[in-house]
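Chain IDs A, B and C follow the sequence of writing; residue 1 opens each chain.
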């Protein structure tokens, strides 16, 4: 195996690994919130799947593509694993909090990069790609909150979707500096991850608009 | 008229009849819930239409098809009839409960079969077809509950969408036993109907995930 | 410049002006409601954008088109201006109420006409065009209310979406009287505007369905 082929294979498996833990973390967040609202097993699974694939599905519909999960059972299986995980490790989930936060953030970063690249490939301008990247990363969480009948969390608390936007801007900075797609993607992903981690560590929040008296 | 032609014509009219009573029942469920929330006539009609056509619309969008109701006024007319029915027979609806439950279940069964067949025709794998069948049957009710700002009922109570999943699995069992499409469809529909009726009769419910303390 | 070219240019700029003030007014309505729910700046912007472009996006998805805003930054920039406006003129918004009501209604009228024309061009029947016009005008407000977790306002109060339906019927009356597209569009827009203004002035409401005891 040549070096470049080995690199390629390793990249593929790393992306698949990130995809796996990200999907798992997204699905688990949906399943836990659904359980807290006393959804049954089926409902919890649907909310888990929706959290995991909802953002990418919106992106694919807007791009006119066939949704990615319709010909690849990977994401439904991941969500089933997430359901089993929540049932089995129910009492340990709080202690696993940091791990799931990390996995969730890896998912956020990866899905943002995927959304940006698919949109650029489809020939849309860079600001559309940033929107699509953000939607891929954060859209599933919005659908989840609509299903459990809560005001979407990402609109009110912490910097979540904004991390995707910042990552997206970095992507285009790199692209304009003539970096390769891989470099743009890696830098973008790292920036999303760093922005999200720093936001949570230092409780960074966007200001709320003042009321109108 | 030959026997096979007569059979064909009767099948068509039976499917149309089922489509009619199913659409009527779905629309009525939306209109009643909207009225309970004090929606005006227009709002009640929109919620009724959404309940009736929402699932199939999601399916068609995901499959990349033009939504079925956009070139066929049948479903909007059915929903208008449903609105008139609710206004005229307002006080009798409770007494008609069993009839509407039956019609609703016929709709659920038919829409599930339609969703499965459209998805298979489009060339997707069988598990995607089961998801699409379930979405066609149960998706309108989810949109209805989002519009009236309630947690979707099917995620919390009774076996509803799961009946579609069980029916879908039967469809593929039959397909693998080399049954014709018509046989697969009929068996699937009967299973959905039976599963739903038994679930309500014996109060069968899926377990709720235990909380995390 | 010939007369007809001048007319054309003036029409274009008038439509652009209406598009601008309409988008602005739609976005401001979303931003204000989001602020009242204590959304942060990012959340308020997303709700503003959704209110402004949500209806047209649903229309384009149903028609199988690429959503209009994905290759034209105009609408995102308008929504950003709306956000700045709400921040800067926060205390004056109540006093500007009548102006924003007018702009909102201009937007409603223009978006209805756009929806109708796009749907007819795509070859769908006139009743589908009326639905699409109504969805283009009123759909963004429904998405806005789902995001802020309220029962959609247009289903309960005042004549809003019904103004679009009435305008749409007028459009087809004109079309059947052999009027040009421009005349149909102008008459439809004026009727939407008039219906909405009269409805608010005289507190016209549709009846609410009586409960079932």
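Operating definition for what follows: a contact is a pair of C-beta atoms (placed from the backbone, for glycine too) under 8 Å apart; a residue touches a chain by one contact, two chains touch by 3 or more.
Computed from a predicted model, the values in this text were never measured in an experiment.
Novice: Under the over-half criterion for shared residue numbers, do copies chain A and chain C use the same patch or different patches to meet?
Specialist: different
Novice: What is the size of the turn, to the nearest 5°, that moves the C-alpha atoms of chain B onto the matching ones in chain C?
Specialist: It works out to 120 degrees.
Novice: Whole-Å distance, chain A centre to chain C centre, using C-alpha means?
Specialist: The answer is 32 Å.
Novice: Give me the residues of chain A that touch two or more other chains.
Specialist: 61, 64, 146, 149
Novice: Which residues, counting only chain C, touch chain B once they are in their complex?
Specialist: Contact set of chain C toward chain B: 61-64, 124-125, 127-128, 131, 142, 146, 149-152, 154-157, 159, 161-162, 165, 205-213.
Novice: For the complex, which residues does chain A have touching chain B?
Specialist: Going by the criterion above, the answer is residues 31-32, 34-44, 46-47, 57, 61, 64, 66-67, 70-71, 73, 76, 86-87, 90-91, 93-94, 146-149.
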